[in-house]
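Here subunit A shows up in two complexes: once beside subunit B, once beside subunit C.
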Partner chain A sequence: MTASAASEPMAAPSGGEPAVRLEGVSRWYGNVVAVNEISFDLEAGVTGLLGPNGAGKSTLLHLMAGFLAPSAGSVKVRGRAAFGDPAIYHDIGLVPEREAVYPFLSGREFVEANARLQGVPDPRAATARAIEQVDLVDAQDRSLGTYSKGMRQRAKVAAALVHDPRVLLLDEPFNGMDPRQRIHTMTLLRELAAQGRTILFSSHILEEVERVADRILVVIAGRLAASGDFRAIRRLMTDRPHTFTVRSSDDRALASVLLGEPAVTGVTLDDGLLVVRAADFGAFSRAVARDARTAGISLFEVQPTDESLESVFSYLVRG
Partner chain B sequence: MPPEIGGTPAPAPAAGSVAAPSAIYDLGYRGYDGPRLGRRAAVWALFASSFRATWGLGRSGRAKIVPWGALAFISLPAIVQSAVNATVGPVAGAAAGGLTFDSYLAQMNVLAFIFLAAQAPELLGSDLRNRVLALYFAHAMERLDYALAKLAAILAALLVLTVVPTTILFFGLSLGSADLVQGFKDQLGYVPEIVGAALIYSLLYAAVGMAISAFTPRRAYATGAIVAVFLVGTALPALVRRAGSSIGDWPVLLDVNAIAEGVRHAIFGGSANGVVRQMSLPDTGYFAAFAAIIIVGVAIYLWRYQRVEA
Partner chain C sequence: MNRVVASITLRQLLSRRRTLLLVLLGALLLVVALVRRLSGMSDGTDTSFTADLLDHLGIAVVMPLVALLFGTGALGAELEEGTAIYLLAKPVSRLNIALTKYLVALGCSLLLSCVPILLAAFLSGGQDVAGVALGFTVAAAIGAAVYCTIFLALSLVTSRAFIFGLAYVLVWESFLAGLLPGIRTLSVREQTLALAKAIGDIPDSIFKADLAVGTAAVAAALIAVAAMVIVARRIRRIEITGETA
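Take a look at the complex of A and B:
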């Protein structure tokens, strides 16, 4: 697909199928169950794949990329079985974690080789577009062996994008990138998602996921532990009180008022900092403003302290 | 464990869709409250896995080199002799230069020794080194069970190693006979000696090897100590005899291989092999040394495992 076509919205897969669908997928290696009965659908947008080391993230990506056959269940990409159907590679771009590049090729040659392997009608134009997308124009004629790790990562991303796939699978794509490259690649992923592509990427850097992903998939010990928007997932953890720090014109008076709220389970004043624990995020958010106004107290700041993706991930992993 | 949504189990695909509302799923962790197989099954499982470990089964190719190499080399003479027997006729019998059941292990025991020196330390050392004994003792298994299962595993492995070559020889000699049925009947009388000699060597080797290996998590130290015990046991009697000591042939009872051969010769007869041929000790001397080494070796080993840090 040409550069101009790339900016057009992606067509929906035939038959209303999601871009990627996993149904009851398990994969085991001998006695080791790497993926255990996982089901989910992926549609347009950026999804972050999270999990501790050895949770099965790479196995999941390889299942979706058609490198592995599921031991049970089915993996479909745009309605077709991912394994044993080379035609799906027209729809998939994969950035593997390993350094799968030839050091003697230049960046341009590497990307162009991928374009030719994919049967792209105009490989040179597609290569130029992909290299521009990943901001590698200045270094495109240098051999890959002279590239930094971050540059090789970007070359791999360009190679994955060169045939303009609908589905992009990236395994730790930001590894080795400097902050500028990282921000550029994050922006690129957001733009690709805005064009209607389905993007799934795994990462250990929660801040990256928080900034790029619309939704997350959390995999723990081969099982799907949570999916969706991480803030919404946090709301679902009703057994864990939400913690807020509050700054106001009279913290002590506000603390005594808030203690009367059913949604509030605890209040502490520590070194002049008012910390409130609430069982219900929504009820507390409404109550704090109402109570402050009633008591004539000015609210300066209400800050949730365990609403970050890091907290959510930590709660899920520790159980 | 993450909370469930309304107590529902893991979702159907639609519910787990990333396009669907956010959700936390039940990972399915739960306690086991079904029947338990108990102590006997635990001991059997440890025996089976330890036996497999002695042969490197379920482990890397490197772990298979010593045990399977030892089995191949200890069996080689039996295979060659069987092949020769089948092609050019019977050559069995010491007079004809062939190996016999009464001399086989005496001549080939160095390979069983190599097997023991390599595998016994590994069998015990890795659990000591990785400090995982507490994991065993925290379950149905007791210290004695653990020690006995490991001892049984090395004993069984040594038995296989020492029985296989003479069994090959047994079939080689049987099948090499012009009259197969008669040939088989002729060899049948050697079955007790095949099993008995293997048992004598295996018991002695296992008792010595495990008693030494129980004292160190370092494989190299244990292997070195086993080698030292066997070498000193072999060299010392010769040195004592050469020095013209007045204690006669008794120092030969420091030699594990001589004791094994002495006991075998006392029970099954045939020609005495190796150093035993030159000795004039009573059979009871060999039996007493045999029993003492096994009892003391196993007792030290079990005592050690009652006290080893878990």
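Take a look at the complex of A and C:
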């Protein structure tokens, strides 16, 4: 499945330019098309950027970060062309995927250097705040060369946050973090989004995206395959029946009733587990409650089994 | 000049292991000069030995190699390693970043090439060595400035700047410029020697240069300006790609 699965556009700009806008953006390297005719807007909230390896995620992020010029189309950050305008970096905080840092700088020196380069009025206070945000206070005076991968990632996140940017672009930000650091950083991103910041992060771990992102962008072979809330995207995939597991006081009776529903395309009872396939998510949701009530059956659980981001991503990528 | 960029660049350049090799290279110049003095080979009047030492080891080897490592390492190495992204993703003009890095590379080059040349001149000694010391030291500073622009520009054009730079120094400067008089004008080494002779007012009996000082000065200026134009153009247009497309 490709562009046909594209769902509703990202949140509409709340007056004026969106935080990030891509219009008809293509980028090619010689004969290789890395990004092909992509358009979307990013507004406040967390957006997850997904795609198989080599799909064009990093190219997209680098286009938005002003490190690549689009071969066609335009990339704007808060209304300004991203490439060739250093002033956009007042608004952008960037966590690159590459691990390289300055090994001779301490974590504090690194973050403070970023604050000073951003022209932050009180770089020391901003540094202390950012380091606290990423929970790196205890290690702040150690050189980055001695940091674990997860600690370096947090230092990079602190450096990206130190000037309090409106837009955060993060390329695989959770790489190398242990579960506790991961949860801490996810919570931090959620808090920043709640404060109105626009956050885009790429990840190849769907569970991370599912936990943090309000919306997703799925890039496949350089094209935008889908964007929006992944559950909404799933519901738009009408060519793929939705699967539910149902537990009730009488699964067998409920199964026979549901077979008469137009929205239901199949029912199986496997090892006492009632599995229902439905063409229309909304119609089935209404029908199952109504039919159970009419038949005097108590419903204990109706669980969609392929509404996870993993299922959606799998459908989009494998077609 | 951006202080933060300068500070990071300085620490980065001085923290590399290669820098130790450059210190040793400068020390080698001093050791040769010292051995010359202590061995009694110098009768106190042979200034031409000092000039030859500064020419063949100072200007031909120490100065270009020091400038090569610092010139290519200041920005090109950062782009290769990926740390440049932290500087380029800031509201600081790219030209400012490049010029700052150039000045730091030049400062380091002056420290590790001009200072040893100056000290070696006096250690080796000779009659009226002050003129030789002054001429070679000031000319080495000018030569280092030209080399640094060349190598900085090269590092923005190719990821193999060090290899190409080394080939330029070894093949063009040391070999071809010696073989083919026509291309000496474009040799930074020959320009530096002509400037050293003129600045130090060194007589022919002590040291001869193959280029006229006017030709050398104009050629050096043109090369430096051309290289700086390349730096200015490339740094504005340079793109950074991710690890995966």
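Just so we're on the same page, the second predicted complex is superposed on the first by the 304 of 319 C-alpha atoms of A that agree within 3 Å, B and C clash if a C-alpha of one lies under 4 Å from a C-alpha of the other, contacts with A are read in each partner's own complex, and residues count from 1 in each chain.
Simple rule for what comes next: a contact is a pair of C-beta atoms (placed from the backbone, for glycine too) under 8 Å apart; a residue touches a chain by one contact, two chains touch by 3 or more.
Everything quoted here is computed from the prediction, not taken from an experiment.
**Q** Determine, under the contact definition given at the top, whether A:Glu23 touches first (subunit B), second (subunit C), both, or neither.
**A** first
**Q** So, does A:Leu61 touch the first partner subunit B, the second partner subunit C, both, or neither?
**A** Touch partner of A:Leu61: subunit C, not subunit B.
**Q** Which partner does A:Leu316 reach: the first (subunit B), the second (subunit C), both, or neither?
**A** Only subunit B; A:Leu316 stays clear of subunit C.
**Q** Go through the superposed model and pick first if A:Asp251 touches only subunit B, second if only subunit C, both, or neither.
**A** Touch partners of A:Asp251: none, neither subunit B nor subunit C.
**Q** Does the superposition put A:Leu42 against subunit B (first), subunit C (second), both, or neither?
**A** After superposing on A, A:Leu42 lies in contact with subunit B but is clear of subunit C.
**Q** After lining up the shared chain so the two structures overlap, which partner does A:Ala225 touch, if you call subunit B first and subunit C second: first, second, both or neither?
**A** After superposition on chain A, A:Ala225 lies in contact with subunit B alone.
**Q** Using the touch definition from the top, list the residues of subunit C that touch subunit A in their complex.
**A** Where subunit C meets subunit A, its residues are 2-5, 7-8, 11-12, 15, 81-83, 85-94, 236-237, 239-245.
**Q** Which residues of subunit A touch subunit B once you look at their complex with the stated criterion?
**A** Touch residues, subunit A against subunit B: 18, 21-24, 36-43, 47, 215, 217, 220-221, 223-230, 232-233, 236-239, 315-316, 319.
**Q** Name, in rising order, each residue of subunit B that touches subunit A in their complex.
**A** My answer: residues 1-3, 5, 10-14, 16-25, 27-29.
**Q** Which residues of subunit A touch subunit C in the complex?
**A** Answer in residue numbers: 29, 32, 34, 53-54, 56-59, 61-62, 65-69, 84, 86-90, 92, 94, 96-105, 113-114, 116-119, 159, 171.
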